[in-house]
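These notes concern the structure reproduced below.
Note that the chains take the letters A, B, C and D in the order they are written out, and that residue 1 is the start of every chain.
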Amino acid sequence: MFIQLLFGLSALLTVGCAIAVAVTKNIMHSCVFLLGSLLGIAGLYATLGADFVAVTQIMVYVGGVVILMLFAVMLTGGKDFVSRAQNLLGLAPAMGNKWTFSVGLLVGLVVILTNVKLIMNIAKAYPAKVIGNDFPSTVSQIGHLLVKEHVLAFELSSVLLLGALVGAAIIARPRKQG
Amino acid sequence: MMSLVSYLIISLILFIVGLVVIIARKNIVAILLGIELILNAAALNFVAYSRYVTNNLDGHVFSLFIIVIAAAESAIGLAIVIRFFQIKETIHIDEATQLRN
Amino acid sequence: MEYTVGNIAPIILSPVIAFVINAFFGSKLPRKGDWLATLSIFISFIFSARVFGDFVFGNFATDYFIHKTFTWFDLSYGANIWKVDMGIYIDNMTAIMLTMVSGVAFLIHLFSTWYMDHDEKHGRFFTFLPLFTSAMLGMVISDNLFSLFCFWEIMGFCSYSLIGIYVKKEKAGDASLKAFMTTRVGDVFLLLGIVALWMTLGSVAYVDIYAAIAEGKFAGQTVMGISLATFTALCIFLGAMGKSAQFPLHVWLPDAMMGPTPGSALIHAATMVTAGVWISLRMYPLMVLGDITWFIAVIGAITAFGAATVAMVQTDIKAVLAYSTLSQLGYMIIGVGVGSYNAAFMHVITHAVFKACLFLSAGSIIHSVHEQEMPKLGGLRKYMPYTHFAMMACTLAIAGIPFFSGFVSKDRILGDALYFGFMAGQNPLLAIVPILGFAGAGLTAFYMFRMMFLTFYGENRMGHHDSHGDHHGHGDHHGHEIHHEHLDARQNVPLLILSVFTLGVWFAGSLTGQGIVKVFGSKTEWFKILVEAPKVERFVNHPRESFGSTDARVKAELPKAVYVHQTGYAGPNPDEHKIHSAHVIGAILSIIIAFTGVFIAFLMYIKKSINPLASKFPGFTTTLENKYYFDNFYIDVIIKKGLLGLNRFLSWFDMGIFDRFAVDGWAAVNRVLFKASKWFDNVVVDAIGVDGTGVAVNLFNLVLRIVQSGKIQFYFIMLIVVLASYIWTVNI
Amino acid sequence: MNQTIVSYLSQYEFYDSLLCLFGNNEGLLAFVIYLLVALIIIGFSATVGGLGTYAERKISADLQARMGPNRVGPYGLLQFLADGVKMLTKEDIMPFTADKFLFYLAPMLALVGVFATLAVLPWSNGFMMADLNVGIFYLIAISSLVGVSVFLGGYASNSKWSMLGGMRGASQIISYEIPVTLSILAITLLAGGMSFGTILSHQEGTIINWFIFHNPFAFLAFFIYAIGALAETNRAPFDLPEAESELVSGYHTEYTGLRFGFFALAEYIEVFVVCGVGAALFLGGGNLPFNIQIDIIPLQLVQVVIFITKALLLYYVVIWVRWTLPRLRVDQLMSICWKYLTPMAILNLVGCAIWLVVFNGKSMADLVFGSH
């Protein structure tokens, strides 16, 4: 029962906050709703028995990415900009207008149509099966996977993180003017 | 209530919302938010498949790598945004049409 | 008996820890951390000595070994086994070598704390010295070629850093670069050999290679047209040539003397250069299988003799020692080549001891009188009695005077070479190996005693070179009044300890100590019992042990080492009787030759009844002084002539052939084509093509302007739409 | 399977009678138990947080040779209640230009982040709300909500002081998370698991089995953790986000009444939580300093008392440090974290790993007194 409840609440939080990210006018609020959505996804991970992934999700996104986003919004002013460049749909404000949203929804509709087909096929291929509520600890298994089968990807991701660290520091550092 | 398809539908909704955000918003930071949503939709799919289909933990490992890549991407992306803001004094995506200057 | 990580790792790790601490915090420690480096080496010595005691006094069977592995990383996926194992391989040879390396290194560290005192590079020197030692120890204890190669490269890097430690001296920088580049040539081949082995055998552990040899896995395998065994053996030996400075890759070693003298003692005399000999010994079964032992012997003989001739005319005391190192390495390589397995290894050990001592003595002289040109020295015997004593003992050893260690090992190598060259039924041209070997032995005695006589005997020629004495900082002595030895324990104790070990009894003695040790033909020499060429059959299907598993074999159940009457000769066509007679002849010959060399040196430099060589054969001497023009050859011929000549040829080809025929001919053809195209242009292209294209581009542009807007979101939309339509159509 | 308070209680007989009382509806009973325990813990924590303010004032008064609060109740003990009533009755002011949504959200987020950590705090071997497999990791992760709330509070107030305080707070919390996590990782390595149950069970027995005495690296890790935890909870000498002399009151300058109370309560409870975690990770948690095997309920209560005692002792040290050391500058704060604590924590982690390999997982005490 708890898991069903957790699933329902998490799904609601995820979807609701995600939609709020899309529709809210304030970019700062968008960031905070993104935080809610990501927490909801962590909850969904928990219902899938992925305890380690769930906590990593909270750790990385809440502790890192969202705060980074908030900083970026603040450093770039967070106010609305109007483009000086011509667009097909004319001048669009930074947070979009009804035209941009209509285009977005149209494309979204295309993707939905595509995916509905895929999901229906998947539902046929993997009919709903009952899976018990036993959640064995995944931590040690993930540890073994990371240093055995996926060791190359593991090492590469460490190189990637180092590269991102150095790259971000170099790109964002203040340069001499003139 | 809980089955593979329900997770797929949630993930699809997340994906669509991310897509709409990416297409409809003109603020680069907002677009990065949309990218995070899409990445998370993919990661959720991996974990769901790993529980309901493959019965091993490779999907978890993949979603961990997705989290790593998302972190790296947002770090680099936001660095670029800040740099872009320093140069153009705006973060409107339609201003970013040239590869130089 | 228990070999765990806990009691093996300190051998390698304690110097590494000292390196790390000194590298980061050395400048903040008292005395720049030299005590830490010395202490760390002492710790490894203690642990090595424990292995030594286990193996040597444990009297295990000669072929007893400990091989423990752990998986470093495992990338196996499904049926593809791709696993990298690391581990330790300890047999008698390893035990002896570990103790020698750590012991000599400890004494050298101790000496260096005196020598490098107040030197500006004190800290950096004591950072790299322990790292270097640990790499050498790691190389010795490695169980496979891959980790051996890793340690090998660390050593290369350390020697690069130590040669060029005085970064402000241009010559030091050049010398370090030269050493690095020259050894790199060999290392590339070594890596090639290792990779070839890995590709074909799937493993590079010694035991696997031995087992593969025994099982005949090499048969029929070829690499680039030559058999795999020959190819890999040759590649590995080329690597060994680079590290052990064999002809023609020897040019770096004499220049490597730019570093501080104790560094040279450790790196370029006692330990690192023996790495090449070590790998040749370890891979000896492969060398035999690949049938390149004759090549090894010839290379060794050329090096041994050539370097000895050059050493005769050098005036710098360190240069003489450098060339003598080259020459002695040549003897070791001869030993490997002719199959004198345990004598070659014994020469590694004896040479390490006396050469370290020689270099330390030279360092002692240089540091005390600030002069290293022999013509400007002389009569130092009175002032530096301890140094004189140590250096004389080592000179006697290296010259091959009986009762000293050098005689024991070199004589055995030469005896085996004699058998190999004349009696083993080899190609008669290979007789050059013993001939050059014996000639080199005589020259060795000559030039070493020349060095002794010029340095320690005769009148003091320091004269008025007081400019050297002053930057020592003491105002109370002048150049022509050489100060006596300061009698610092850190200076003299290492010298005396090392000189004690130049006595032959330590190496030729018996372990059980029955009566007075017999030096000549002793039946129970411990080296002969403990070291022999690996018997490859023993390694087939040998079980693997991992760290943590207890040793299945109990000490008491192990077979004891039993002395079987063996000659120590592992080369082709052994005939015990003939080998024995060859040894007797070799011993007599080498004694005669050695004493002749000493006598000639005595006549030349003490009695002065014979003129030195220089006056008689000026051309020959100049050749020697220029080291056979090897450096000039590499620079002038290969780089200048070769590359420039190639340039000139290419330029001629470009101007003469390519320009005349291709370019001009093409122009002529073009002229014809031009006329045709002019007509075509006017009629077809201009009317239809150009104007038509303009119209088409205009039309196309209308579309492209919309599509190529630079708006990333528009691209994204198109991407999504295309992907979606793809998915919709392919019917997944 | 995760151990929880329900699964702990279910091994006793009275659980079955309780189950009968709820008509054999296990889910309902579990819900009730969780609710009760959560209420108890939150009530207790809130009391500790409130008493924290009292203790802070009393101890600071003691250190400065003053009397401190002494009017309300015996020894002024009820001062915190009076303060609470005052906060409740004050006017809730919102700045005119504030971002209303975020202004409301921030204090809640702080309180949620702190209360969520209480779910895994190990009060004793058995009395844990939930002994997650990823317990300590979860605690670190969820407590970073506080960082977000500090930043949002600073941003939403639309005031320069709040903004500076919020930025300082966020960057400080993110930065100090690294050494803290690394030093906790060293302990995780020693225990071989991230759940508090595993960590505590490794520290059973005498005092020498506590992880702080396991090896020199763990000993050092405790101090890295302590310093980092001080900075993460914005306590002096790292209280830059609310530095009174520069920023008035930092990120909660504009907050009044209950919302300010939320921030203050969150801070004091978080201090208690990090002290509790420090006690559990390094000082044996609820384990007595001598060898008793405990598995009955009264002794579990003894363990709870011991755990709280240890945590409060650390709490006292935190307050003591606050009134002893002067505040750092921003650049000093960052250089301490990145140049000293982080490299030390990394070396510690590597050192712990090497220790485990070389000594086969034995602690110093095992090496000295022989393993058992």
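Here is the rule we use: a residue touches a chain if its C-beta (ideal position, glycine included) is under 8 Å from a C-beta of that chain, and two chains touch if they have at least 3 such contacts.
Everything quoted here is computed from the prediction, not taken from an experiment.
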Item checked: Innermost chain by mean C-alpha position -> C
Next item on the list: Averaging only over C-alpha atoms, locate the centres of chain B and chain C and give their separation in whole Å.
Entry: 55
Checklist line | Distance from the mean Cα position of chain D to that of chain C, given in whole angstrom | finding: 59
Check: Between chain A and chain B, what is the separation of their C-alpha centroids in Å?
Finding: 5
Next item on the list: Could you grab the centroid distance between chain A and chain D? Build each centroid from C-alpha atoms only and quote it in angstrom.
Entry: 29
Checklist line | chain A: positions in contact with at least two other chains | finding: 52, 56, 64, 71, 87, 103, 107, 111, 138, 149
Check: When you check chain C against every other chain, which residues touch at least two of them?
Finding: 709, 711, 717, 720
Notebook entry, point to check: Which residue numbers or ranges of chain D touch two or more of the other chains?
Noted result: none
Notebook entry, point to check: What is the complete set of touching chain pairs?
Noted result: A-B, A-C, A-D, B-C, C-D
Margin query: List the residues on chain C that touch chain B in their complex, please.
Written below: 709-713, 716-717, 720
Margin query: Which stretch or stretches of chain A touch chain D in the complex?
Written below: 1-2, 26, 28-29, 32, 35, 51-52, 55-56, 58-59, 62-64, 66-67, 70-71, 74, 134-139
Check: chain A touches which residues of chain C in the complex?
Finding: 73-75, 77, 706, 709, 711, 714, 717, 720-721, 724, 727-728, 732
Next item on the list: State the interface residues of chain B toward chain A in the complex, per the touch definition above.
Entry: 1-10, 12-27, 29-30, 32-34, 36-37, 40, 43-44, 47-48, 50-53, 57-58, 60-61, 63-65, 67-76, 78-83, 85-86, 90-92, 94-95, 97
Note to self: Give the list of chain A residues in touch with chain B in this complex.
What the structure shows: 3-4, 7-8, 11, 14-15, 18-19, 21-22, 27, 30-31, 34, 37-38, 41, 44-45, 47-50, 52-53, 56-57, 60-61, 64-65, 68-69, 71-73, 75-77, 81-85, 87, 92-96, 100-101, 103-105, 107-108, 111-112, 115, 119, 122-123, 126, 128-129, 131, 138, 141-142, 145-146, 149-150, 153, 157, 160-161, 163-165, 167-169, 171-172, 174
